[in-house]
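Below: a set of structures, written as structure tokens.
Both of the next two complexes hold chain A, though its partner changes from chain B to chain C.
Up next, the complex of A and B:
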């Protein structure tokens, strides 16, 4: 395994945002089997260590390419843009306002007359916004408008956080 | 990660949580966010005709340090002039709350929020 190759090359996929997730899993499983540390149990220390390293690298590749947010961040990284920093950058005030409202609605979900329905509506809205952002990213990235693509990724970061909080709220609701 | 006592105090008893009418021309609203953690913060100030901050409110969706930072800054700015408030630095918040290095950005967010609120107020009045 050549760890200097990017994740797309590693998994034999066409580099780009639209990833065939079934093919990704398939390629991942094949490589994972090939490099599974158990298969190196009787090999030298060095080979065993390398198998562990490769497997970790492979897992990171899978996690990165599977996630809609991390995949976009990775494509930007390949284009020389690191969006993992903490700097707040320029954020659209309207977008922040909308985020604030969505977080407020989520915080008050328990007070709704039908919390399940409210949570479903919220999840649907968040997923729809995330899909819109993904479409925007694809076309901006294709046009090499990296500044705008970066701005979309920042929005995706908030939306991803919101979606994970909605999912956590769904789990809590299901526990009752 | 262990939070300092100061952070826990503000987190458990946040001061000045709430909302003001952002259409009121004595109110300035600052909205900021940190993409890396997905935190969002709204900070509002009510300013007297003499340019003194009479009241401040915030709402933060984020981690304990972000909540504590915004809670603390709303306490501090009350009674300050706009110029005094705009000179507040995130390092003062970080020091007061004993924030660890990985949480410094939460205090930056609070500083950005008060600056945005002041700017919004000044834009409204100009």
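Up next, the complex of A and C:
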């Protein structure tokens, strides 16, 4: 397999942010049926090792294209922009204000009269912001305004982190 | 007559001859083996017709260890030499084991690498060796009742088992002389057992409440592919905990003032278990508590029992909700709920699970056997008996894998519920000027602090050229295979200095230890070992040659004429070698042929992409190649 083939080509999908998730799953399963190491259980060790590599690559492709943040980062990477590292660029103050406010609420969630409801409200707000960011990314990417698209991806990174912190708080509240 | 004539490896088995493969459920309380016969998966009984093998091993001073029912009857008279619930010790360190407290009467001695050995009359025994005795007994049972040598086995583990526990299970199988076709997660096996015909589609939840662990798995079934979307649970919450809770409550009700010692605690728990079991069919049970010289009669109603265990059941439901969230699935999307484990017989459990998912859970297959049956179905496919089967199980990693960073914090490299196999790399740097070595500490768990996670392995990358702090770039690569087992490699990028390990867990056995234990386990050690090594190589050679024959028959057009001639020449040569008795020469021949066929294998796999995407974007391409 040509590991350098991009994930969209690998899965036979049109490159772009709007991915048909049902089709993605279908292609993924079809390729797993060809490549999964269990299909090579009675073949040679080398073939099994190769199968492990292939399916690991395929799983990475699926994980990347399924995640709203990683899919955007991957499109930028294909356009020659690596957004995985730390960046020194400025984020707009309005966004930072909103982040600070959400994080404060999260930190104080234990003091709320109904922590569960407060967490639900926070999660909803974060998800809504994430959806807005995704829309912004789609139109900026379509206009090839990659600088602005990159800035949106950085906001998505913040928001994704916040969402996972909200989930961690839910786990703590549920006594894990 | 044996079905598979391994004694004459030069001849390939006729295609209609079935390979013998079993599924084994290696449980905390009971273990059992199952196989597919005449198209149906059945559990295998012993000569007395018993299917469940109690997971108990008794070690005597002179005699061979006893396993199962015979060992269980020794538990009371000889508790120190009768090992029960060994599964709870698998992959654990001495510290963990001591923290289990009074429930375990054994004397532990630390072995090399911190693995606890149990002092027995027959000498110190590791949990891996004890488990191997159970597996060996099941292997013998299977080989007797199937009349032939096993090709391999699928062995089940709790979905929530970490890397160390999985590795320990695989080591035990090796010690028992079993070829592991796959370590399979118990809930996935249960889903397969429920058949859920290959044509069916939808989301399935498997709720598995065993004796000592709780697992919840959410799977998507689509045309024979079982894709685990998320798994969760609690490796320290099981039916035993319901018993403890009820035992405490009954003691309270009796009015007897007592802080029970180990023996009294065992008595109360056993009594509680029997009350729990009776309450499955009855609405009220009366028992006599005879403890500390007093005898008090206590009545327990189903409602009272329900109130006592409700908090524990609630805890499992929270884990269910979290798994659904991780899977990105709403409760109303779940089409089937499958119940596994003896504790799912408790009516309250069934009611609450039914309420959460809004549907009646499946209970039609015996919850004690369902896992072995599912494992047998997959073993049959993996052994090559059903080449046309669509059955494919795609699993995830249950707990996040990460590395220790400065300040005892965990940097996660692979998050929980990531599909496996998976490979992922992360870059780190040095924090001191001139630093030439870096300690790599691999941990597993969800918590932020290293001290709250399970330590899997430590190794050191040396030979980093002295540079300013932060200038060196060290790439650490994690690779997890389809069994959920991890290997880790580290490389300094500017110089290429490299170091890697197959993660041998901190509490595992080394390869040398396993080899020497294997040797010990053969009565005529040397001879048997040599004969066995030869047979293994002969089987491997035959497997490779027949796989290649099939490949050439199917995809021969991918080979140039010269390539094909060379391959066929080497295949004939290897067959010739395999008729001889030189194991090393056969091994070298296998290696050479495998290498020669590498690029053909790669071309065949690439062709797989086209097949998989057929009828879609690249169908023109496909036509050209036809």
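Observations, loosely collected:
Note that in this section the second predicted complex is superposed on the first by the 170 of 176 C-alpha atoms of A that agree within 3 Å, B and C clash if a C-alpha of one lies under 4 Å from a C-alpha of the other, contacts with A are read in each partner's own complex, and residues count from 1 in each chain.
As a convention for this text, a residue touches a chain if its C-beta (ideal position, glycine included) is under 8 Å from a C-beta of that chain, and two chains touch if they have at least 3 such contacts.
Note that the structure is predicted; figures quoted are calculated from it, not measured.
Of the two partner chains placed around the shared chain by superposition, chain C is the only one that A:30 touches, whereas chain B remains out of contact. After overlaying the two complexes on the shared chain, residue contacts for A:38 are found with chain C alone; chain B is out of touch.
In the superposition on chain A, the chain among chain B and chain C reaching more residues of chain A is C.
Residue contacts after overlaying the shared chain place A:154 against chain B, while chain C stays out of touching range. By the touch criterion stated above, A:108 is placed in contact with neither chain B nor chain C. Contact with neither chain B nor chain C is seen for A:145 once the two complexes are overlaid on the shared chain. By the touch criterion defined above, A:124 lies against neither chain B nor chain C after alignment on the C-alpha atoms of chain A.
Of the two partner chains, chain B is the only one touched by A:162; chain C is not.
Of the two partner chains, chain B is the only one that A:93 touches; chain C does not reach it.
If you check the complex, the residues on chain A that touch chain B are 83-86, 88-89, 91, 93, 96-97, 99-100, 103-104, 107, 153-154, 157-158, 160-162. Chain contact summary for the complex, chain A toward chain C: residues 1-2, 10-12, 25, 27, 29-39, 41-47, 50-57, 59-60, 62-63, 167, 170-171, 174-176. If you check the complex, the residues on chain B that touch chain A are 31-40, 42, 59, 61, 105, 108-109, 112.
By the touch criterion stated above, chain C contacts chain A in their complex at residues 181-182, 222-223, 225, 227, 315, 318, 321-322, 325, 381-384, 390, 392-394, 418-424, 446, 479, 481-482, 543-544, 547, 590, 594-595, 597-598, 601-602, 605-606, 608-609, 611-613, 616-618.
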